[in-house]
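Below you'll find a set of structures to go through.
Shared between the two complexes below is subunit A, which has subunit B as its partner in the first and subunit C in the second.
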Partner chain A sequence: MSILASTAYHDGAFTSAGVRFACVDGDADQRLAAAWNQLRIDYPRFHRADRLSRLLLLSAAPFFEANGALAACDPETIGMLLCTCTGSMESDARYQALLRDEGVASPALFVPTLPSIALGELSIRHGLHGSGVCLMMPAPSASALAPAIGMLKQQGMRHIVCGWADTFASHARSAFAAIALETWADTHLNQLQSLFDEH
Partner chain B sequence: MSGAPIWIGAAHCVSALGEGPRFHLQRMRDGGTALRTVPGLTAKPMFAGLIPDELLPAGPRRIQRLLDRCLLELLDDLKPRPHERWLLVVATTKGDIAAMEQGDAAASALPLLGEHARQRCGFGAQPLVVSLACASGTAAFILACSAIEQDRYDHAIVIGADALSRFVLEGFASLYALDAVPCRPFDAHRAGTTLGEACAAVAISRDRDRIPEVIGRWVAGSIAHDANHISGPSRTGEGLLRAVQNALRIADLRASDIAAVNAHGTGTAYNDAMESIAFERCGLSDAPLSGYKGWFGHTLGAAGLLETIVAVQALREGTVLRTLGLSEPGVPGRVNAISADAAVPGRMLLKTSSGFGGCNAAVIIEAES
Partner chain C sequence: MSTEPTTELKQDLKAQIIKHLNLQDRTVESIADDTPLFGEGLGLDSIDVLELIVLMDRQYGVRISDPQEGRTVFQNVTTMAEHILAKR
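What follows is the complex of A and B.
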């Protein structure tokens, strides 16, 4: 098995290892917080991170928990591959609204106006020094990710956190996989696409 | 994996300095900075590298005009044929962020920029749009070369672009990351970077005869993360150290094989300090090192490609161009930052980029004589 584990989040419903948690109350941020709290992970930085980063931190968290798919892997060889359409648009809109309405640029709101900040947050959370890249695409496409997966393998990554995260306004959605690259082949791309399609 | 060489050529670029790699090289040898105070973009005028409007083709969106400026020339050179396996890789940090400023959030989505470029190229395959902060251009280059090495494609166009915007200028100003004068990378009195806009593009191919004017050969590349801080680089250069060492390992090279280093060199206190420490730790203290942002500014998603093109062109002629704005070196790591153009005997270039989120990218290219 190359896809070791997977998670999915869809506007309040978080699924990991076949267990589903659903919270339909509140706005997108409150639902995301409820899903995170259900994991009972003590990491206050989660709540200070931007929305895309929180979505990625939540989606990847079960992989690194005790007995998680990547818990025993060397963090130096765990790569990151994020694909998204809206990227940092939620953060962009918040920063832009303050700049437009108050004439003030907030450094705290400016920094997360890059989608790859989410990779930075994930790398900090789990001590991942390895390779990683963020690809912008209109919809999750496993075949479009194939060259990047190959690149991460070329650069010595043995496992990757790989998936789709998208959030803007009231919408937040993700589908992530923990993948072992040693046994990975393009023939597994349909399994990754199925994960995207299911969620 | 294929061990066949991968060639780089058909380079095009446009920045505040002007248009074309040769013109850039000439201006950088003989002229001064293109950085000027730019009125009207921000509440307080700032130094920036603004492309003269007459250099860009007509069009409704500035970022598309930047892309078109390079793409149309590149396509004219290449004339891709339908049966060929071409990959298109686009690098940007903020794409059409001006659309967000104008109230149209949906139009600012970065995949739309990739789609614009794909339509210009007439390619059927979905483009890869890389957004890895200020390492986007370098990372896009690595991804394209890797895709060819993996035998997924035979040729690739890599293009990086970002336009100046109030959104980004005010953001960098809010971080106190902009110098009051044109940036001074690696100088003791540096006080921040200067932003610019640019577009830069290259063609990459396993078939040397398929691309005009080969400028270099791809050797290796790697990306690594600091895992340390979101908006500040690692004080010990952990990510950059790993990116450079991994690129050297993949290439089976030693640090002493590197003829010249073209650094990210933003001119901020922390970036340049981090780079100097990482390069010293990599054993690159003696390699001539320069950063080019003093001429055309920090061009964000275009920076890695633009600076690579110019550095490779210079190295083809046996020189490393100086770091404009550097008069008194002042970084904690021992590096050979040069303030005057220097002749070098080798052809192996190391180009690095680093960005918010703690990302770092390193590529090694052998300049073609």
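What follows is the complex of A and C.
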């Protein structure tokens, strides 16, 4: 089986390994924090990261927990593939608002105005040294990811954290899979698309 | 003029650091005056230093442009407060 595990987050509801918990109170950041706190992971950096990074950290966390799908895999050969529509727009808006309102730039806010920073945060969190790809697309499309998956496989990646994350204003949504590339074939794209469609 | 930082200044600095660096797991009381800003202390990184430089400029009117000076200033809250008093 190529898709080893999956997770999904939709505006407060987080699903992992068939277990779903939901927090409907508060704004998008508070709901995301509540979902993270459910995992009982001590990682203060989570709360300091931009929202796209937090969404990715949350989505991938179960894959790396003890007995998680990727817990025993070589971090040198774990790649990352993120697709998103709004990308870093949440951080862009905050950065621009600060410039407009206070006339100053914030280095900490500037950094995540690139969506690929989320991959860096994931790398730092789990010590991943594999390749990463960040793609912008209007909606999650497994077939559109196929060339990138093939490229990561060619580069020697044996596993990937692969999925969709999107957040802006009150909206935050993700669907991620831990994928084993050794057995991956394009025929598995339907399963990945189903994951995207379900969430 | 005394260069001994007041408790009030150090408390204010801690609050500003928590606010600007979004240290949600920290309180003013949990940061000692000599807690290292990096490593095992607050665990700040190079981007955070840039944020601290902006903070010093905006909140206290103190500019830091020399990297060597930064190494001395950004050791802990006391060294930051001492620098503010010396440069004001």
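To be clear about the criterion, the second predicted complex is superposed on the first by the 199 of 199 C-alpha atoms of A that agree within 3 Å, B and C clash if a C-alpha of one lies under 4 Å from a C-alpha of the other, contacts with A are read in each partner's own complex, and residues count from 1 in each chain.
Here is the rule we use: contacts are C-beta pairs under 8 Å (C-beta built on N, C-alpha and C of every residue); 3 or more make two chains touch, one makes a residue touch a chain.
Computed from a predicted structure; not experimentally measured.
In the superposition on chain A, contact of A:Gly87 is made with subunit B only, not with subunit C.
In the superposition on chain A, no contact is made by A:Pro62 with either subunit B or subunit C. Contact with neither subunit B nor subunit C is seen for A:Pro140 once the two complexes are overlaid on the shared chain.
Looking at the shared chain after the overlay, A:Arg48 reaches subunit C, while subunit B stays out of its contact range. When the shared chain is aligned, subunit B and subunit C each come close enough to touch A:Val111. Of the two partners subunit B and subunit C, it is B that touches the larger number of subunit A residues.
In the superposition on chain A, A:Gly127 makes contact with subunit B only, not with subunit C. After overlaying the two complexes on the shared chain, residue contacts for A:Gly163 are found with neither subunit B nor subunit C.
Once the two complexes are overlaid on the shared chain, A:Met151 sits against subunit B while remaining clear of subunit C.
Touch criterion met: A:Leu119 reaches subunit B, while subunit C stays clear of it. The intersection of subunit A residues touching subunit B with those touching subunit C, taken from the two complexes, comprises 105-107, 111. Those residues of subunit C that touch subunit A in the complex are listed here as 20-25, 43, 47-48, 50-51, 54, 58.
On subunit A, the positions that touch subunit B within their shared complex are 80, 85-87, 89, 92-93, 95-96, 99-100, 103, 105-107, 110-121, 123-124, 126-138, 141, 144, 146-148, 150-151, 154-156, 168. Touching subunit C in their complex are the following residues of subunit A: 44-45, 47-48, 102, 104-108, 111.
Chain contact summary for the complex, subunit B toward subunit A: residues 1, 43, 87, 93-94, 97, 100-101, 105, 108-111, 114-115, 126, 128-133, 139, 142-143, 146-147, 149-150, 152-153, 166-167, 170-175, 222-231, 238-239, 242, 246, 249-250, 355-359.
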